[in-house]
Amino acid sequence: MAGSTWGTLLTMTTWGESHGKGLGVVVDGCPAGLALSEEEIQKYLDRRKPGGSRFATKRQEGDKVEILSGVFKGMTTGTPVSMLILNTDHRSHDYDEIKNLYRPGHADYTFDAKYGFRDYRGGGRSSGRETIGRVAAGAVAAKLLESLGIRVAAYTKSIGYIEIDAERFNLEERFRNRLCMPDAEAAAQAEKYLDQLMACQDSAGGVAECIIDGLPAGIGEPVFEKLDARLAHAMMSVGAVKGVEIGDGFQAAAATGSANNDSFAKASDGTIIKESNHAGGILGGISDGSRVVVRVAFKPTPSISAVQKTVNCQGEQVEAVIKGRHDPIIVPRAVVVVEAMAAFTAADILLQSMSSRLDRIQSFFGVRSQ
Amino acid sequence: MAGSTWGTLLTMTTWGESHGKGLGVVVDGCPAGLALSEEEIQKYLDRRKPGGSRFATKRQEGDKVEILSGVFKGMTTGTPVSMLILNTDHRSHDYDEIKNLYRPGHADYTFDAKYGFRDYRGGGRSSGRETIGRVAAGAVAAKLLESLGIRVAAYTKSIGYIEIDAERFNLEERFRNRLCMPDAEAAAQAEKYLDQLMACQDSAGGVAECIIDGLPAGIGEPVFEKLDARLAHAMMSVGAVKGVEIGDGFQAAAATGSANNDSFAKASDGTIIKESNHAGGILGGISDGSRVVVRVAFKPTPSISAVQKTVNCQGEQVEAVIKGRHDPIIVPRAVVVVEAMAAFTAADILLQSMSSRLDRIQSFFGVRSQ
Amino acid sequence: MAGSTWGTLLTMTTWGESHGKGLGVVVDGCPAGLALSEEEIQKYLDRRKPGGSRFATKRQEGDKVEILSGVFKGMTTGTPVSMLILNTDHRSHDYDEIKNLYRPGHADYTFDAKYGFRDYRGGGRSSGRETIGRVAAGAVAAKLLESLGIRVAAYTKSIGYIEIDAERFNLEERFRNRLCMPDAEAAAQAEKYLDQLMACQDSAGGVAECIIDGLPAGIGEPVFEKLDARLAHAMMSVGAVKGVEIGDGFQAAAATGSANNDSFAKASDGTIIKESNHAGGILGGISDGSRVVVRVAFKPTPSISAVQKTVNCQGEQVEAVIKGRHDPIIVPRAVVVVEAMAAFTAADILLQSMSSRLDRIQSFFGVRSQ
Amino acid sequence: MAGSTWGTLLTMTTWGESHGKGLGVVVDGCPAGLALSEEEIQKYLDRRKPGGSRFATKRQEGDKVEILSGVFKGMTTGTPVSMLILNTDHRSHDYDEIKNLYRPGHADYTFDAKYGFRDYRGGGRSSGRETIGRVAAGAVAAKLLESLGIRVAAYTKSIGYIEIDAERFNLEERFRNRLCMPDAEAAAQAEKYLDQLMACQDSAGGVAECIIDGLPAGIGEPVFEKLDARLAHAMMSVGAVKGVEIGDGFQAAAATGSANNDSFAKASDGTIIKESNHAGGILGGISDGSRVVVRVAFKPTPSISAVQKTVNCQGEQVEAVIKGRHDPIIVPRAVVVVEAMAAFTAADILLQSMSSRLDRIQSFFGVRSQ
């Protein structure tokens, strides 16, 4: 595929640049009969918006979504759901000074190397604004999953060296602080840390974590379309992501088999469960019925106000001073992007999994088994 | 796709189970005119073979590859290259005792949940033997990359808590010790560690690292088909992998922007280079001309001889004692799998990148530019 | 894929319904550096518009295209080109009477069978308006092909039993008459025939033909991605199409090998040519350098004013009287759709063909051959 | 995709050349739990074999299929079914004389144009033997469809100008005569016609027809993945095919709307049916519950013994005399290929259709609807 489409049965095709007319997404393959409104999509987009936080860009964007197709009388029709978000506050002149520079940590140089020239206004297609379409599409997928009893939630796990404490974990807290951390104390510490960095014209990285509850066992295709492989692809496709882990992740690499294996047991209701979840809910690339756990490492915001060494398009050594309006930390606003990508990917692979067993297909089509 | 095919223009479709008649792969989309022989493929397969190491299963497999199609007079014809490796030493009776058990850390339970029943002999399709087809396909891709001046190399970076030392790094050393470590001293320590674990009927995890040199800048498609996203997908699709990092990976999440950004500079030959490589050779999902660096976390071998708690297919609590023949560590034999997946993925996306610029397409087809 | 995306390297994703807010398309994978304007796209859309012909629906739509992304300073950037066409004249109340009917020859029943309910306004997604996105995308592809010296042209070959005469063939004439026929005399006869049918509240079918000139030999992938297979898929995906032929098509089935084989010969400039073109420019699924010829059969417009027998959504026998505004013949307006699909499909497969030979890949990447 | 893979959820990847070591196919995505044996596959392959007919090549091939994976204890496991057919009677020296010639009507020239060189033995990958993998895969799909009450049957509709008579139509008769015609009298006439052509060193074309019974209404994805579009792609991808029709096909183009529209009616069992089937069972790209009817035009066998004009690889004018062993008519042996492609394509799109409605998905996963 050409790069802007994600998914097999449920697909999203995103488009748009930071400072163009707008951004959007076409969601195709959404089953018919799902109640869907612009308000529901908007809630997700609002979580991504800069808002009033001092830890986010000062750019003011309404980011109002409009559903252009695929919904009739409040229900999805099964045909493509096209969603449009117009850009309003695009101050392109901010970028005139840097249009000939290759900003360190940005995709300016690689876009030029690939395409010969680029839309230099605000990163163009490589801007964080590209994720708007993902979030709108993820909102649709999350609604679909909810209707099947599956819940996806992402939050900030760490900022710089400050990590949430498992003892203080409270999922609802993530909506109460500006940093999306489900631990108020860690959030307070992280705010201080960010203030320090901003004072030094610097930025921080961090880790987002996403959990999926209620996913039945048996989802994921062996070999190349494993659930974890698809999730890794989805997460690493988000800008600024440099690492992805499932369950214990890199910790598992330092563990022993006896410590890392999760024992199976019988639950009181007769179902098969695991007594621990080092695997993060996935065995052999297929969901095992436990909570799916994914962690995503984001690098620090590359746009910093400090003077940096770089070259210009002519290859001459220059100094870069990045003005614009930038977040000192990407993670809090990226949390909903991570949630969106997880929801979309899980929903897609869930639909795919319906054709794995002949007996269930026969029953679906009302045929008596052989 | 149904799950056993990987790639867009260059594809591999693998098949086969641990204890079936054989395993194989169909490589489609390989350009015509590449000199290719069974000997070249065999070298890669031999690196995957148990060999005589005491750290590898005692299973004896020749793993001899046969090219069945797509090569004529020693050259690829552009049509599918089908490769077959017959199973010879499949002692299925080893598995009779565990056919009704769900082994901890294995895909037995998830395969049953997905398919209703499974080929229980040696893990069937979820066995490590599934990677044979990947390695054969990767060998073709590596040859293709070599003919374009691109070299891919993977090695063991750590086993348990023992990591290679950057000072002692010697790529050729990886072929000299049994653990594929490019650091003889670390390898010696790791051997001791593994001996201890084996004495306790336990196993270890570890990390493989892969580098790609010579990849031109500009490779990778923005948004969903980013080079790093594709690599993450490829790596996470390998059995037992729980984490993937690019460049500084999770370390970057703890760094600051000023420390993590790589400055651009002008090399003595006039080309644009980076003064450091925290990014691991990829910016905005597109190669930047620096070395690409990928790290892959493998969990400990789940098959351990120690008694483990689990349930059987009827959901009854039982004890599992896994006999069979198993490696106490997966990484050394998986290194060539990582290398194969990196080579294949890079080659595929390289071919895709040929259509990014109109001027180059015009020149390719001998048309004068507008 | 979910059904609204077409292509491999160059893709279009269309969306929109007849009476929704609008329709559009996202073109992804278009090479960077192609000069592109809304005016150029509009020309194609105008050819599809009802215009003032008495042989076309009275619906008045401006069908003005807006490019929302992917073009910067008049040039494609290599990122998705999103195009939007708003609906203006959607008189949904025309459809109130038939919302519970299954119109003969329409997709009302099959959409209900598939999705459980449908957007009944004007056919919704199954309306002929769905082709707007295809035409806009095809205009981009046609521009791309032109820049490589390749020209695509479609026209009406026959309406009912009236066929153009090869002797009178004049490609430019197709822009002069209302029926897009490259033969003024045939067009005049066909107009009379249509007038008769309209008087009887009936409609006609017809055949469109499309030619591609300048396509180099060697385009198309063997086996499942043959040039002709892809063209057949593309054409049959257009609403109301019931047949597709390449070259002599069904005539070839009645011919003998000696009559149907095209002899190869040497042209005066030394190139290899064919002395005839029964094959329609494609041998073994790969272009042979001759003109590519595709023919497409359209059924008669199913919307006729005459009373028809049918059933309603409750399965009760009823009479259908279709008011609305409908064309008595689909072909003249579909000609540009056929041209668009041919251009898009050829452009996509042309880009794919760049990776067929190692020597050319080496030369592309500036590597000396082995 | 690279060209040798077909399908979305159910895929086949074929490989192999006419005179290589063998041919085969990997079927991926076949649901678990389907009883499958080599004998069942063999029956389909035997219908494709030259057999003893004087209207087929004298080449003697056992074409014995071996299932290498994906079947355990007589049941599919859900993992790839790899099937292998070894070549035994490959008399490559027959082709020495023509290796430098471009045979008229063959893909010799286009393969050279594409790949720079080719496996000239018997057409290599462009040989009719390439269809072996399709037939083996189609046999699996046909078994899957049967288990859902869906039956696919193809037969010869015409040879040259001799067509079967609807009055004498008898489906079982196709297995009794050498030409696969479901009309003994037409078959006898066609035999005479072929004898005449063989006496003149010439060959004939013909038409195959395929019917699918029992396909439920609602199968097919709107816009680009319509059932008819996918069938057209599948059929046109078969060698020597030059045209595809659905239902009345090109006849519909000459008809009027009132004659071509099929009225809906209520059957005695309360289901909705059509009173005629001009549409060939497909409306708006989606099955309507009636019999699906596809017709496929095959050109005459291009290999004829008569002397033909052509050029050689150096572009010099030469005379071609094709020895080898060739069928004077392709259709009778291609009938099972058409049946295989129809079965595979229908099965794939049937599986895809399971995710079109939320209520059915909820019921599949045992969730109470909203």
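Which chain is which? They are A, B, C and D, in the order written, and residues in each are numbered from 1.
As a working rule, a residue touches a chain if its C-beta (ideal position, glycine included) is under 8 Å from a C-beta of that chain, and two chains touch if they have at least 3 such contacts.
All of these numbers come straight from a predicted model, not from anything done at the bench.
Taking the CA centroid of subunit A as reference, the farthest chain centroid is that of D. Of the two chain pairs examined here, C-D and B-C, the one linked by more C-beta pairs in contact is C-D.
Averaging Cα coordinates per chain places subunit B and subunit C 44 Å apart. Computed centre separation for the pair subunit C/subunit D is 25 angstrom, with centres defined by C-alpha atoms.
Taken residue by residue, subunit C touches two or more other chains at 1-5, 8-10, 14, 29, 32-33, 78-79, 114-116, 125, 216, 222, 356-357, 359, whereas all remaining positions touch fewer.
Residues 1-5, 7-11, 13-17, 20-24, 26, 28-29, 32-33, 66, 68-70, 72, 75, 77-82, 84, 114-119, 124-125 of subunit B are the ones that touch subunit D when the two sit in their complex. Within the complex, the subunit B residues that touch subunit C are 8-10, 29, 31-35, 76, 78-79, 144, 147-149, 216, 222, 351-352, 354-362, 364-365, 367, 370. Interface residues of subunit D, counted against subunit C in their complex, comprise 1-6, 8, 14, 102, 104-107, 109-111, 113-116, 125-126, 130, 158, 160-161, 197, 200, 202-207, 216-226, 228-237, 239, 241-250, 252-266, 270-272, 275, 278-280, 282-289, 297-304, 306, 308-311, 315-317, 353, 356-357, 359.
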